[in-house]
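Below, each structure is written out as structure tokens.
You will see two complexes here that share chain A, one where it goes with chain B and one where it goes with chain C.
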Partner chain A sequence: MENHESRLSAIWNWLDQRIGLAPAISLARKKEVPVHKHSIWYYMGGMTLFLYLVQIGTGILLLIYYRPSAEEAYESVQFLMTDVKFGWLVRSIHHWAANLMIFMAFVHLVSVLFMKAYRPPRELTWFSGVILLALALAFGFTGYLLPWNELAFFATRVGTEIVGVFPFVGDFALKIARGGTDVTGATLTRFYGVHVAILPAIGFFFLGLHLLLVQKLGMSVPPSIENSGSPKRAMKFVPDFFLRDAIGWLVAVALLVTLAAFLPAHLGVKADPFAAAPAGIKPEWYFMFMFHQLKLLPAHILGIEGELVGVMAFALGGVFLFLVPFLDRNAARGKPSPLFTWIGIAILAYILIMTWLGYTADPMG
Partner chain B sequence: MSKPDRPATESRRGFVNWLLGTSAGAFVVSAFYPVARFVVPPLEAESATSSVTLPFGPAEIGTNQGKSFRFGNRPGLLVRTPSGELRAFSAECTHLSCTVQYRTDESRIWCACHNGFFDLTGTNVQGPPPRPLETYDVNVRGDQIVVGLKA
Partner chain C sequence: MNRNMTLAAVVAVGLVLCIAPGLFAQDSSDMCIECHRALDSEPLSRQVEQFEVDIHAAAGFGCVDCHGGDASIAGPGGMDPALGFLGAPGGEEIIAVCGRCHSDAEFMRQFNPSLRVDQEAEYWTSRHGQRLAAAGDTAVATCADCHAPHGIRPASDPKSTVYPPNVASTCGRCHDDSARMGTYDIPVDQNEKYARSVHHEALVEGGDISAPTCNDCHGNHGAAPPGISWVGNVCGQCHAVMADQYEQSRHAQTFVEMGMPGCATCHSNHEILEAGDSLLGLGDGAVCAACHTEGDPGGSAAMAMRAGIDSLTVEIDEATAVLHEAEQAGMEVSAAQADMKDSNSALVMGRAAMHSFSPDAVTEALAPGREIAGASLEKGQSALQDLRVRRMGLIASVAIILVLILALVLKIRQIGSGPADSPGRA
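Up next, the complex of A and B:
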């Protein structure tokens, strides 16, 4: 036993002399997480990160069987689901972890918004976080097409058409997005490249920045806790907070496997570019509020085509969300900013109501 | 020895820096230009289709029915109206280009994506579509249906 330990410490010393492990360890030991009644929200980012890691793992496995062409994509997924051992499990976990990751990213963002954690000096953490959410949505959008089924085909057609709605650059951007004027096999190959290479590369950069900033600046304490002067307790990140994180991740794994087993990912009907869009067509749930809003807009608003008005409004909403740290001057000065709390509540209520209406609307009009 | 000629050195250094900066800039541009062009898809041959003969005959489409067909590389929709007339449209919705279908229960053309309706002349009558569907000419020659662009 002693022999074993001394051998381990010899390896440790050898590595420490070459790459300097000691500073990293002392940094990890120093990291603390504030403890107060809103501490639960500190776990949301870590949960999102964990689900992202699950996506990387299952995504790499799916690459082994997936074939990115209009002729073979659907068949390769079908083969994966029916013939490959545990193929259904890997794909279903990828499907569910994607949905949960985006859900957790939303929860993380909303909690950060309400706790005003975007106050200086954490503006860049907020910006990188909003960019990461946009990347997550792009991951979802591009991944949705890859099985090349009917639903995905029309969702992509509508989704990319929305890009084309933008004035001046729309047509060009549409062509870049689709790899041509229509959604074809060229679009599938393009989305595949974006999904498995380009987004992960950009994602790693912003994820690295986001995590670095969180390490550098520490956890934000909400203004209400800061101002009440309540006793500032803290918890060691290693091992106390990390172990709590790990319990959450274990629960997530259990949930993913349960969902995958009882509600496996569907494949549906193979896409036919010449068939009519099926009744009841809908996008992924996180695009539902926008999809349903576009359904409700009239053909023309003040002489402008309705969808242009809708799409521009959503784009402005995104820009507004991104710029919140600069717009909320009161929070930046350490003053209460109830206006932004109410704006947050209004946006949340709008998204929830639109999503609910979208799922309860009669698909046959 | 005279004093070192500072301005001359600095202007020389400035020149070298300028040269280095512009070279680096030119390098970046020359590296990214091909990448940018690579990402833009090459021009496709423009769909030269001006008319198609449908793979089904007039007997195969009953009154108050619709059938999809290929018009070049785009979807089309042939409708036999309740009064028995054959009409052909582009099946691309003018809203966000989903493929439309004929609704027998409504005797109208319907887009499932955003719930847009078109009447039997292709006019947008309900929901978000901003423009009418493109209409084609229909000619029945014996047991063949020929659909063509409007003259």
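Up next, the complex of A and C:
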């Protein structure tokens, strides 16, 4: 036993001399998480990160069998789902973890928004977080097409059409997005490249930055807690917070395998570019509020194409969200900023109502 | 001088311009139309209205092209027999009038190169033509009886009397009339029977204008469709596989010897209902039972063929149900479901093969379908079994996860660092 411990210690020392493990351990030991009535929201970021890691793991496994061409994509996924041992499990977990990850990213962003955690000096943490959410949506959009089934094909056709509404550059941008004038095998190949190489590369950079900033700046305490003068309490990140995080992750794994077993990812019918679009084409749930809003807009608003006005409004909304740390001057000065709380509530209510309407409205209406 | 010549030229041009439209109007006016339009007699004036939509009017033909006479002369003078006026042609005259152009390939090519030019010759082979020629029976149908004189439209026009869905009522104008048909001893229930047939359903309700109506079996101008020697052979035009099988079977010869009408012996002629499997065998509704009994080789063959078809039907239903159940449970079985289409095709081929009246041919045609249905059933059952294994695996996984969670909770308690009891650890 003693011999075993001394061997481990030797390895530790060997590594420590070369890469400096001691400072990292010291940093981890020093890291603390504030404890107050809103502490639960601190777990959301870790949960999103965990689901992202699940996506990387399952995504790499899917790569082994997936073939990115219009001729083989559907068949390769079909083979994976039927003939590859646990292929169904890996794909279903990838499918459900993607949805849960985006949901958790939304929850994380909303909690940060309401806790005003974007206040100085955490503006860059907020910026990188909003970019990571946008990347998660892009991951979802590009990944949706890859099985090359009917629903994904037509949803992608509708989704990419939005790019074409921009004046002057629309046609060019549409061709870039699709790799041609229509959604074809060329679109599939470039979506694949974006999904497995470009987005992960950009994602790792911003994720690294985000985590570095969180590590450097520590957890933000909401102004209401800070100003209440209650005794400041904290718990060690390692092991206290980490063990609690791990419980959440295990619950997530249990949820993922349950969803995979009872609601495995569907494959549907292979895409046929010459077939008529099936009724009730709907995007993934996280795009539903935008999709439904664009459907509700009149053909023209003040002489401008309605769809263009809608897309521009969403783009401005994104820019507004991105710039919140600079726009919310009161919060930056440590003063109450109820306006931004109410704006947050309004945006959240709008997204929830539009999503609900999108799923319940008459498809023919 | 020059000035005078210029003036004269201007006057001459002016006169030509003023007079020319008058001359043109004179040439283009059709006095037949002018007068008939003004007539009080409704049938005579209505013809003018009808002719406005006639395909011949659209091609530039006028009244005199069929009726003779001179359209430039107003009043009865234009209807002088000396000018070739025929009046309303009847009987053989109509055939000759229409045939004058429609039998002339050179002439017809100018208007419709794809239109046949053998209608007149065909007509004389038909029962209508034969009775007109041999017995001088002018009550039989001629061109004008089917083609709505003065309002003739192409057969592709839904308002045409010979547009496929309208053909049965066009023929029925005479053939539904018991007084008229009584003199020929022809039944008048064909149209009523046809209205109940699968062909009528496809044509009128299904909108499939390639589905057969009267002329597709009986010929439109001739006695039978081109290339068909006998109306009993006409089914093979569309049902080629069945007809081929039948031709090679012993029934083809036997039916001829017995004077039985080929396909119509089992399927009827006008009232052709959807051919279900119940027609085969010796049970209720089976047509074989009309001639065969359980003891004779024909009866045994009928029962064997029916048993083979029934077996595959049951196997397809069973495999389809299992695959559907697996699909509903979220299992990926689309490849097996796609294979089932081939199994259904084999069933169709087996049903076609029974027209050879050979149990071996039916068994051979059904064999690939039975193999596919069996393999698909296995895949469906395997998917359902896989589903049960997944659920068991899920229970085991969740149990392990719960144990791990419990261990973590215990560990957290052990180190006693909960937020509630660790103030000021910072």
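Throughout what follows, the second predicted complex is superposed on the first by the 364 of 365 C-alpha atoms of A that agree within 3 Å, B and C clash if a C-alpha of one lies under 4 Å from a C-alpha of the other, contacts with A are read in each partner's own complex, and residues count from 1 in each chain.
Everything below uses one rule, namely that contacts are C-beta pairs under 8 Å (C-beta built on N, C-alpha and C of every residue); 3 or more make two chains touch, one makes a residue touch a chain.
Model, not experiment: these values are computed from the prediction.
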| item | value |
| --- | --- |
| Touched partner set for A:Ala276, first chain B, second chain C, both or neither | first |
| Chain B versus chain C as contact partner of A:Asn227, first or second or both or neither | neither |
| Chain B versus chain C as contact partner of A:Gln215, first or second or both or neither | neither |
| Contacts of A:Gly179 with chain B and chain C, given as first, second, both or neither | first |
| Touching partner for A:Asn13 - first (chain B), second (chain C), both, neither | neither |
| Touched partner set for A:Glu32, first chain B, second chain C, both or neither | second |
| For the chain A and chain C complex, residues of the former touching the latter | 32, 35, 39, 78, 81-82, 88-89, 231-236, 239-240, 243-244, 246-247, 250-251, 253-254, 257-258, 261-264, 266-269 |
| Chain B residues touching chain A - in the complex, by the definition given at the top | 39-41, 44, 68-70, 73-75, 77, 91, 95-101, 110-115, 117, 124, 127-130 |
| Parts of chain C lying in touch with chain A, wherever the complex brings them together | 330-335, 390-391, 393-394, 397-398, 401-402, 404-405, 408-409, 411-412, 415, 417-419, 422-426 |
| Chain A residues within the chain B interface of the complex | 154, 157-158, 161-162, 165, 175-176, 178-182, 186, 273-281, 291, 294-295, 297-300, 305-307, 363, 365 |
